[in-house]
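Just below sit the structures, each encoded as structure tokens.
Each of the next two complexes has subunit A plus one other chain: subunit B in the first, subunit C in the second.
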Partner chain A sequence: MPKRVLLGVLLACGLTASALQPVLAQEPKTGGVINAVIQPEPPGLMLAMIQNGPTQMVSGNIFEGLLRYSPKLEPLPELAESWSVSEDAKTYTFKLRKGVTWHDGKPFTAADVVFSIEMLKQTHARARNNLVQVDKVEAPDDDTVVFTLKQPFGPFLGIFEVGSMPMVPKHLYEGTDWKTNPYNNAPVGTGPFMFKEWQKGSFIRLVKNPNYYEKGKPYIDEIYWQIIPDAAARSVAYETGKVDVLPGGSVENFDVPRLSKLKDTCVTGAGWEFFSPLAWLWLNNRQGPLADKRVRQAIMYAIDRDFAKDVIWNGLGKVATGPSASTIKYYTSDVPKYPYDPAKAKALLKEAGYKGEKIRMLPLAYGETWQRWGEAVKQNLMDVGMNIETIATDVAGGNQKIGDWDYDIAFTYLYQYGDPALGVGRNYVSSAIAKGQVFNNVEGYSNPEIDKLFADGAVATPDSKRKEIYEKAQKILVEDVPVAWMLELQFPTIMRCKVKNLITTGIGVNDGFKDAWLDK
Partner chain B sequence: MKQFWKSMLKSPSGVIGLFILLLAISVAVFGPMLFPNSPWRMVQRPFLPPFTLSTVPLGTDALGRDVFAGMIFGARVSLLVGLVSTLVALVVGVPIGAMAGYFGGKVDDALMRFTEFFQTIPSFALAIVLVAILQPSIYSIVASIAVVSWPPVARLVRGEVLSLRTREYVQAAVVTGQSNSWIILREILPNALSPVIVLASLMVATAILLESSLAFLGLGDPNLISWGYMVGAGRTVIRQAWWITVFPGVAILISVLGLNLIGEGLNDALNPRLSREGR
Partner chain C sequence: MLSFVAQRVVKGVIVLLAIIVLNFFLIRLAPGDPAVVMAGEAGASDQVFVKQLREKFGLDKPLPEQLFIYVKGVVTLDLGFSFRQQAPVAKLIMERLPATLLLTLTAFAISLMLGVLFGTFAARFAGTVLDTAITVFALIFYAMPIFWVALMGILLFSVTMDWLPSFGYDTVGANLTGFAHVVDVARHLVMPAMTLGLFFMATYTRMTRASMLEVKRLDFVKTARAKGLSNAVIQRRHVLRNALLPVVTLAGVHAGTLIGGAVITETVFAWPGIGRLMYDALLQRDYNLLLGVFVTCSVMVLIFNLITDLVYRLVDPRIEFAS
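Moving on to the complex of A and B:
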């Protein structure tokens, strides 16, 4: 019988207390309506099937996962109130919270968890990937779920966040065609807020769940997610008081300093720790000049990334040093460095025998900031003698070209999910090369040594061994430059100071309304 | 011809228009030689107000690019698009109108229904759709502007040809057994040209506006700077930096105004109905 370490409750109590200390000093007030911007309008709200950023942001307050995560990415109890790990690190036992009901009144039980996992394996690409090491999931009783792994999986406790593994009501989905289930349009979760109505192109309205299991929560009565397609109009909506919360990325960067200076306005960069968005340029390793490592290194030297940070992102964020953001586990800065050095870039290009072949670049069609960034990078590369042609597309057209590998350089940014096994390896291992996708290994980099390091790293124990493996992988990747890492992005959330406690977890606004309250 | 210039230079609007056009053309042709630096180059700190540094007289934009250099290079794109797309529209519209007017009957019906097909679609909406489908580039922009601007030419030419068709000198040419193409090209078209020239000058102005509007909406050629692009890119920061939008906006205004004035001058000079000395 393996010795069980009951750490969930202990850990949770300690953490919640320390994380919320400064804000708990003030007694939360109940009531009020919050207007927040959601940008762009989500394609749907059924989190188990759609995982766009805006869907996660709205639905993270409707659905819940087994665990939440602190800004330091430590697991906190949510639907699971405690958990234990067997000594061989292959059995995880979760004790579920009692008295939890779905928004329609039916009780939430371990059977829902087992069903959700079966469903997510088919509908949620990232969940499927995260669950690869899971051998079986069982529910010995209504309040207990046991995960048995094929082999120890270091990041396992990091996969239960609401957007990564939302709990779905079994009684509404079992035996139906998931894609056409009517509850996709009026999602039913266990979360602090219930879906009320969605006026397409105008707003999504969520109302307080009166039967929420944490007594007294949520404090807010209603949330209106306002849909405003024009960036300038979104800033104006905040200035005129129509909205109170501008989640990260919903206004253009150059508006941030101006809005931050407004009266009663609070700004925070927190709430993105779990995602740690990292921006880079896909470099097509398969063909043309970019197949040569020296040309890819030249690109790193040629681009003035401090300029991009200071001018285009208004000083927000951090220049990336490699494949891992600095907030990710096992990050190391002890890797080859690529400072802005046009002379060195020119020398490398000459050495590689680059003769002005045309290089096609796809900027990201996500608005002004990304367009300006594309222009700046193009100019940087032209300055060292590269012949860059910008291809103008919309988001769908750009995705199509990237998926078809029909590009030379393309902008992107992806989330990293706290652990290299969850969010980093997928971009560099050769098994993740597949036509038609815009995530994973789009650049076509293939290196057996890297494949092996990431395969070993995911299942290695103890932690020190994983650290060693991932640090080695980072060094090799930075030397090879499979993609050109640009910035660790920061998306500031701008809100009225009277909105309290909105951002307390590693996913910020996505599940923040549970604790938020209005100081009237 | 001498007469034409004489009356053209007599009309004040024509003179002003010609002056503006010549200025714009010389900027477009010689400007880039005087400013060899690419307008995309980041040369100074961003959002530098105008008239503070002599090296960047009109200030810098959101990335620290020289607004003045952008204006000069933008002139090239705007004028080029205006002239070339008008030329293409004429090449398409004149023959269609001439054939419809000359042959009449079923040919006329078919060609005019075809023309109306294009006229029923709002021209700017059609241009946006075409550029979006073909992907924004200088070629697709010229093509789409030409596609939306040839129908008025065809209708105008048809009208002129219809009236000239019944003139005695044309009928005389028919009787002497001249070929149709010879009659259209040598007898009719030269006499139908005056209104077409006036229309063309206005079409260049419209084309410049269309290109600016497309670029403003982000459908410009991403590799070429144009006035519309500058206005569009500066629009979102207009509250922090008015100069990024205002200067190219003024450039569009002046060049379109100039072309309209030329059109007016040409109309005065070429219209036989207006009484003039020596006629």
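Moving on to the complex of A and C:
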């Protein structure tokens, strides 16, 4: 087995060096500083206003949600210590932890939750969509919040992690202009770490919250998020001991095996279960050869996805079988299969009458790995006789072209958030076709049966009914190939072995460092 | 002289306005806008969200109105607000300016001093082994891409020898003060300044050498020699001084671009300067910030052009301040 494949298998199994150590048996030690890399520099840290990846990663330490999620995506207590669901599945009651305070000392109460929900409906696009079934939110007392839904919403308990629904201090935001509130630049949360300093272009410094409600936590005194824009320089910073943690995606894939072998280095692929990043090729279903299902199926057969996994991604990740990642709810592998079969691809292209029309492909401008993947896919498609023209753009330009439907094939990867109703349906239902937007149904796939299945699946009860609906949807989609699913991505987190318990939930590094400690 | 300066300032203001208008439209020609970028980064882009962002950025207004608002702001020394970074553009630029000036001025000084020195030696000993060695040395640094020199420097001096830090402005978390902090910053400055400086040094070396060899052939040098002046005096007072004019021109052009010209060096060494600010603003389509950096750079170019013209006269008194 090639080494990089072995590495991938080990990571996939969670059998990393750190995981093998008897971490749980050790008593956590307090003190110390963790230097971690953040890339790119976040535009801001107010999680309720800005939701990009780096903001979530840093602010996941400052803010908190009502719940966290285990690697198996089971809800865990955070600011809510318990919850219950009514028999008709329309009323959710959360009991909040007592004694929680904001970083400025004011108490956290149910009124903050109600205010946060109202604010997020206006400032947080994903939260707004997640809350569409919510009829009202009430706070009968300081420690209780009751959500009443218009109708049962299956994934409701899955929408409360910090990035999806961060709690905002009502006393600092109510009645202010949220956009220019001074606390956007000095955020105040309930989390284990408090914002201390941000030297733009250099670092963000967080310090321990001494009044954190979980006694003894956090164990670490300070976190420095170092801003290093060049991927090679980030690798060197780790190699020379200047940083301790490289969160997933911080370095180019080809550096991962080398860095993994460094002394006292531990690697883990864990912590992405909630997000389950899935990579695929948008295929413009509207026009040209790709409007024909047989051509889209030919693309699936033409691409050697195992090669991409083993060579370009160093054995990390898993070949995708359809629209759902295998880590999210209601996934099924019982769908039509598309093994690497160039002969079949050629036959399908011939049957569809493809005559070498030019097909424009947009790779993803996320660095060298993605560029190489673009080249590999182009080669695969040209091998079966397709005439591929690569269009080079930066991220903004690429998004614009995809949103304007001005492409034939385009790379992307999106998070799935644990449930098909939250992170899958949005890419296939016809109500999500809207020109000028990215990350919805930009391929232009329209199938009334799929529309109905996703509409029903979101509100169906019991769980077995949802399972049945989503399995059927997966089978139909895989047969129709509205997009070409590539890989379930895995972004390994590289760290010094002395950093313990960095990742304890399915939200990974984005869930904050409250459990982390240094074995000095 | 005063009228010359006044005329140049007036012309400068007109040029600056033209630059602003041109850049304003040029930036918007690139596909994608800040709303699309931010919606993309948030992984959710429903119509309400993008519309909200466009309204927030003022992108929903007609282009001429956006331009008018911007120019009106610049006239009152207000470079606008970066909604992406949640801060006034002028503040963001001022935060980064000291780091950039430290890096580029150090690099500029290194390149100019070493370049003129090596160029003079090469011309003085033209055709000898020393001349060849200097020329080859200069060509190597001129030909190598800056990012490659930077990475090789990091590999050698940080990874292998562990002499110098590989990134940043100072040691994060060390909380050094006074002289210890100065030494710390200097240690961080060595590699980026040398990387940037060596490239420009090569240019000055070649330029000085060529220019001196040309001047050496002129009649007044023969006259000086005939007068019995020593070789050192001829080289210094007659040849070098006259040969410096093209070098001053080149240095003037370089100096003007110093503010924004260190993008690659700042990126590789994670130096928190304006070059990186500009690069990030470009990728994120942060229009106001990008225009703000352009305006700052343009002003610097205009100022340095003016200084170059004034220095000309000092180097060669025959040049007059023509209107």
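Observations
Methods note: the second predicted complex is superposed on the first by the 495 of 520 C-alpha atoms of A that agree within 3 Å, B and C clash if a C-alpha of one lies under 4 Å from a C-alpha of the other, contacts with A are read in each partner's own complex, and residues count from 1 in each chain.
In this section, a residue touches a chain if its C-beta (ideal position, glycine included) is under 8 Å from a C-beta of that chain, and two chains touch if they have at least 3 such contacts.
What you see is a predicted model, and the numbers here were worked out from it, not measured in a lab.
Once the complexes are laid over each other on subunit A, subunit B and subunit C both fit without any clash. A count of residues in subunit A touched by subunit B and by subunit C gives the higher number to C. Shared-chain residue A:203: touches subunit C; no touch with subunit B.
In the superposed model, A:520 makes contact with neither subunit B nor subunit C. In the superposition on chain A, contact of A:307 is made with subunit B only, not with subunit C.
Touch criterion met: A:232 reaches subunit B and subunit C at once.
Of the two partner chains, neither subunit B nor subunit C is touched by A:215.
Touch criterion met: A:258 reaches subunit B, while subunit C stays clear of it. In the superposition on chain A, A:393 makes contact with both subunit B and subunit C.
Legend: residue contacts after superposition of the two complexes on their common chain; A:372 is shown touching subunit B, with no touch to subunit C. Figure legend note: subunit B and subunit C, brought together by superposition on chain A, show a least Cα distance of 6 Å. Overlaid on A, the two complexes show subunit B and subunit C touching the same residues of subunit A, namely 232, 393-394, 397. Residues 30-33, 36-50, 52, 56, 83-87, 92, 95-96, 99, 151, 154-155, 158-159, 162, 165-169, 172-173, 267-273, 276-277, 279-280, 283-285 of subunit C are the ones that touch subunit A when the two sit in their complex.
Those residues of subunit A lying in contact with subunit C across their complex are 33, 35, 40-41, 43-44, 46, 50-53, 122, 125-126, 128-129, 179-180, 184-185, 199-203, 205, 222, 224, 226-230, 232-233, 236-237, 239-240, 242, 393-401, 403, 414-415, 434, 436-440.
For subunit A in complex with subunit B, the residues that touch the partner chain are 231-232, 252, 254-255, 258, 307, 311-312, 363, 368, 371-372, 374-376, 378-379, 382-383, 389-394, 397. Residues of subunit B that touch subunit A in their complex: 38, 40-42, 46, 62-64, 132, 135-137, 218-223, 233, 235-237, 239-240.
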